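A, B, C and D are the chain letters, set down in written order, and residue numbers restart from 1 in every chain.
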Amino acid sequence: MKYKSLVILLFIFCAFTLSAAQEDAAPVDTVQVDSILPPAPVSMLTAKDGENDHGHSITLRWALSADDGAGQNSVLSYDVFRWVPFFMDTLQSIGDSLDAAEGAVAEQLRKRRDQAVVMIPQVHKSYPEQGEWRKIGTALSGQASFNDVGVKERESRDYMADHTDYYYRVDAVTADSTVRTASEVVGPVQSYGQLFNTGRIPVFVAVIVFGFLTIFFVVRAKMGTELYVRPLAGIEAVDDAIGRATEMGKPILYVLGLGTAADIGTIASFTILGRVAKRVAEYQTKLIVPCYDPIVMTVAQETVKAAYLDAGRPDDYYEDIVYFVTQSQFAYVAAVNGTMLRELPATNMYMGVFYAESLILAETGALAGSIQIAGTDQVAQLPFFIVACDYTLIGEELYAASAYLGREPILLGSLKAQDYAKAAVIILAALGLLAASLNWTAFINLFSVTS
Amino acid sequence: MLDAAFSIPLVALSDIGRVISLMFIGAGLLWILIRSLRAKEVDRRIVFLFIFIAVAAPILFPITFQERATLIVRKVFDKVESLPAGSKVLLAFDFDPAMAPEVQPMADAISRHCLTKGHNVIFMTLWATGQALLTQSLERVVKGEFPENRDGVDYINLGFKAGNENVLNIIVTDFRMMFPTDVNGVPLDSTSIFDDVRSCKDLDLIISIGGGKPGVKEWVLYVGDRVNVPMGAGVAAVVAPQLYPYYPKQLLGLLGGVKGAAEYESELVRQYPHLEERGTPGLRMMGPQTLAHMVIMAFIVIGNISFFISRRRERKR
Amino acid sequence: MRRSTIIVMAMVFGLFILSWIFRSTSLASVQEHYLIGGLKVTFSAFLTLAILSFLYKDNPFYKFAEHLFVGISAAFWMSMGFWTTIVGNLIPRLSRSLSEFFQVPYQPGSYNFVYFIPVILGIMLLMRLSSKYGWFARWPLAFIVGTFAGLNFVRYLRSDFIEQVSATFVPLLVNWQGVGHFISNFSLSASGQFVAIVGNWVIFLGVICGIIYFFFSKEHKGAFGAASRVGIWILMITFGASFGYTVMGRISLLVGRITFLFRDWLNLIS
Amino acid sequence: MRRQIPLALVFIFGVFMIFQYFVPHESSEWIYEFLLDWIYIIGIFALALGIWSLIRVSVAKIKARKANWGYPIITLVGLFLMILFGFTGYRDGSLGFHFMTAEGLSNPMFRNFFDYILIPIQSTMFALLAFFIASAAYRAFRARNVLASLLLVAALVVMLRFNPYLGPIGPYVADAASWLLNVPNLAAKRAIIIGIGLGMVATALKIILGIERGYMGKG
């Protein structure tokens, strides 16, 4: 009620200034008249909890003022206001003193703040008493929404409590910031965290479909269905290369790249390393595995050790087959380069994640006269491996390699699942092409992942 | 002392050095070609040596190649050239020191061109780290080379304003709201350059030079598309392919990387020969690039020749 | 060591001593510690040339630089890791007295006890060194591998699959305003309608053929084989173009190094 | 036990991370942030293992007195010097167990070693690429077959942009080069990326389900 009278007062005031301005300014300068006219307010203001988030945010939407981009075209921006209880000042001042405090005093203040933070929803209930409107942000002309995003950390100054009644208002502002029109108040509105991100439904569907496909084909393969896989030159070269190394009495160098255990490409490389190491152990050839990442080194040691055990030659295994060099890209490259020229390996294998060093390694290996087999999922490095190595596993072939080398039906089964997913991609791409040509946006939107 | 002793003969030597190194490269390649006609492979160390000379020689004895501006670059040049003196041109320097080696040459060349033509230039940046660079290049190019130009009349430096694309959103309708004063605190209203400029609509040309975000893309989306002012751009080489789709509708032209700068400089020098002595860093940086590319291409050709000859011999056997 | 090797090494050493002296004298008027300044530049230049000498062949100078580089860089990352992660992130959450020792602000919080878990996992990892309890090290490894497998599963399904597929949804005809308009405005210019339409077709067919190339469980014969062959052609064109494009950036790197040698070390150019 | 518990851990954390992605709620974010923090901390412990491996391999080489046995000494000297500089420094005039002070690094030698040893070697190693890209092009770009010819022609077209003596065909070469980089490049990269995405996703799923255990040394 209080507010309505305010609006009426404001209108009267506006009307007065309007007429006064016209009387005064008309003969002098027409530009000033434009800027003094108060603009139309925004309409249809709504406030909602921010979607698909962890809470602590409110989204405001409105219809543009009639004078924004049209009418008098006088609106330059929108000021967004939130009703803030005076209590929040107390909280801020506790924060201020906490910044300066130390030791036991700080402990005390921290306790007080924690108690006060719990009170926030309570004090907001007193609206519109014991509080005031505060500007919390600006939206530019032409924009019809604003996100009031708070912080979830209770210790922060910008903490925005969930499950609290908030009230908002939006002012249309002209070039003269005193000339403005307020909207109606919207509220109460509460923020809270969602349990499911609806913007990510396409990903969820893909997870379900792909998971189902994989499990289906793995189970089928387990039951003994024969699966055809086409030959891959790079994979067939691996066996030859190990044989060649044995004949020449030279070692095999296996480079895991710069990936960490977090990279799936590196994990795929571990599996390949396991297969290679097993065969190397059987042939009693020497294996060299310099590592860039200490965790990768640890895993690689486990892998190689188990492979030697598997091959029935645990006594041939020694800890320094796999060793750590340094966690610096080019120092690692310098060391591997030196190893290549001094040990003259018969075969170099580069499997995993590589960056700019790919070409330095591959060219030095070529200089040393080694047969080189590479495989990486780093698209930018593929051209260099293709050019400088004898065989290259391109992208997905690196992941397929472990299944190929092991020839285990379970692993081959998942290749089948991948192929079905690719077939689905082709069909979807064709449908998408039609959809885009015929402006069938509903189909295209099915695939848009928001947030 | 020692340096002085070195540098004096070097200047005189540079012509001889240039000739010798080019002759070495040319004659060397010819010798290799003759060898490969006998189907002999070239040792890779020879390739390394040629690359080293092709890069080092132009650094030591500046070798520049004549660049012919491609259409996409010449359009920017022609626009600056065709505007009448006194036109309002906005130059946005949206880059940081890391990107500067690649885009500073074009920023300099375009500023020099605008001032030579007598345009009124408005400088600004959306990058906090770009402010110092902007001030430096103003000291060097604008104040150093065109001392007769007056701040606020012939050019103005608005400096940096935080807000990324929001800054653009505002200056589309009103400069004064975002920049009440220039970088030195002089109110825009007291500068004659802003007499009849209220928003971006009142400009004659906007050129954005950058390579990151906010950069050219934001200028196109938030300013170029909304007001009917021609826009040109200069960007780092890696970004250029992503911006081609905006040409020629939303961008009248685009300078990509050092090569774009070199093309612009060559066009500038052709039109205004006296500007050559002010420096052509783009052309100079292109020297090693051009020579090295040509050497690599020559080796590829030689490699293929020796490959085909040896294959033919094998077939004959 | 052979006599010639010793002579060469002595000569190189002598040259660098000379260079140090020259560089220092030229810095004498500019720097206070000109001897150290000269040494810094000369040593940097020596290391630069030592690495470049690798292009000729492996040699003692390269070996020296390589081994020095490995040792120093390993220690560098170890110090950085210790001070930023252990002291910067872990200690302020775990112990007041250790925080005071390292002079970092202690951050008491109600959930700090969970930071004991990574410490325990880290100690389990160190048990690798013991042959009896080495298998404990698999726990932290399993934790890391599992966490990232889950994280990457959804992340790549989104960025490398769904978003890439939907990016392929391009219209067959760009800006289509009828056949008459198309023919009357026909041009081969890079920005013309024809080139845009061809571009969209090439993108669509390229993606399809490229994907067909990656089929593992189907024989590449007949029409399928032809599509797969087109796929590998497009891949090769791309690899060639990317290779050619990268040359520029790599030359720039060498320009930087040679400029250092000529300017900062030899002072030949300004 | 020795194998089952790790596999269970992989499954639990893998599945949790998948679900976490779809739950924007605070508590799910909270665990996510902790997990990522933990991994960094474990990484430092692993680095200790790495350094130990480096030292052991170096010492073994020195002891064996095989060819080049002297160089690992340089590695060890560099390592220990840098560790010394990294872990001790001056603060308020006194030498102690410090790294950073308000003015920057507490030990100037740490900075010097970084600036005058690490940086020059690192950037020179990187610059070696200029040479290798040339030698690789010379060696591999031969028109042996269709695939190699396509590789060769595409690379030549893109590199030709840098030839200033093309005359009237110059602009066409530039257009062709940028078309190659924009259109077929985009198509091929997208095909590769979709393949990689599928391969990664399948591998990640196999890891979580315990089908792929190569990383634990068992196929």
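Please note the rule applied: contacts are C-beta pairs under 8 Å (C-beta built on N, C-alpha and C of every residue); 3 or more make two chains touch, one makes a residue touch a chain.
Values in this document were obtained by computation on a predicted structure and should not be read as measured data.
Enquirer: Averaging the CA atoms per chain, pick out the one whose centre lands closest to the mean of every protein CA shown.
Expert: C
Enquirer: Which chain pair has the highest count of C-beta pairs that touch?
Expert: The chain pair sharing the largest number of C-beta contacts is C-D.
Enquirer: Indicate the whole-number Å distance between the mean C-alpha point of chain A and the mean C-alpha point of chain D.
Expert: 19
Enquirer: Measuring from the mean C-alpha position of chain B to the mean C-alpha position of chain C, what distance in angstrom results?
Expert: So the centre of chain B lies 27 Å away from the centre of chain C.
Enquirer: Measuring centre to centre with CA averages, how many angstrom lie between chain A and chain B?
Expert: The separation of the two C-alpha centroids amounts to 34 Å.
Enquirer: Two or more other chains in contact with one residue: find those residues in chain B.
Expert: Residues 44, 48, 51-52, 55, 244, 259, 289, 292-293, 296.
Enquirer: Counting only residues that touch at least 2 other chains, which ones in chain D make the list?
Expert: 18, 21-22, 39, 42-43, 46-51, 54, 68, 118, 121-122, 125-126, 128-131, 133, 135, 137, 139, 141, 151-152, 155-156, 159, 162, 178, 181-182, 189, 192-196, 198, 200-201, 204-205, 207, 215-216
Enquirer: Where in chain C do residues touch two or more other chains at once?
Expert: Within chain C, residues 51, 54-55, 63, 65-66, 69-74, 76-77, 125, 128, 138, 141, 144-145, 148-149, 151-154, 156-157, 161, 165, 168, 190, 204, 207-208, 211, 214, 235-236, 238-240, 242-243, 246-248, 251, 254 contact more than one other chain.
Enquirer: Mind listing the chain A positions that touch chain C in their complex?
Expert: 107, 110, 200, 202-203, 206-207, 210, 227-230, 261-264, 267, 295, 298-299, 301-302, 324-328, 330-332, 334-335, 337-338, 341-342, 380, 382-384, 386-387, 394-397, 400, 415-416, 418-419, 421-422, 425-426, 428-430, 432-437, 444, 447-449
Enquirer: Spell out the part of chain B that touches chain D in their complex, as residue ranges.
Expert: Its residues touching chain D are 42, 44, 47-48, 50-52, 55, 65-68, 70-72, 240-241, 244, 259, 286, 289-290, 292-297, 299-300, 302-304, 307-308.
Enquirer: List the residues on chain C that touch chain A in their complex, please.
Expert: 51, 54, 57-58, 62-63, 65-66, 69-74, 76-77, 108, 125, 128, 137-138, 141, 144-145, 148-149, 151-154, 156-158, 161-163, 165-166, 168-173, 204, 207-208, 211-212, 214-220, 235-236, 238-240, 242-243, 246
Enquirer: Spell out the part of chain D that touches chain A in their complex, as residue ranges.
Expert: 18, 21-26, 29, 39, 42-43, 46-51, 53-54, 56-57, 60, 67-68, 118, 121-122, 125-126, 128-129, 132-133, 135-137, 139-141, 151, 189, 192-196, 198-207, 209, 211-212, 214-219
Enquirer: Looking at the complex, which residues from chain D come into contact with chain C?
Expert: Where chain D meets chain C, its residues are 2-3, 5-7, 9-18, 20-22, 34-35, 37-52, 54, 68, 71-72, 74-83, 85-87, 97-100, 110, 112-131, 133, 137, 146-148, 150-159, 162, 175, 177-198, 200-201, 204-205, 207-208, 215-216.
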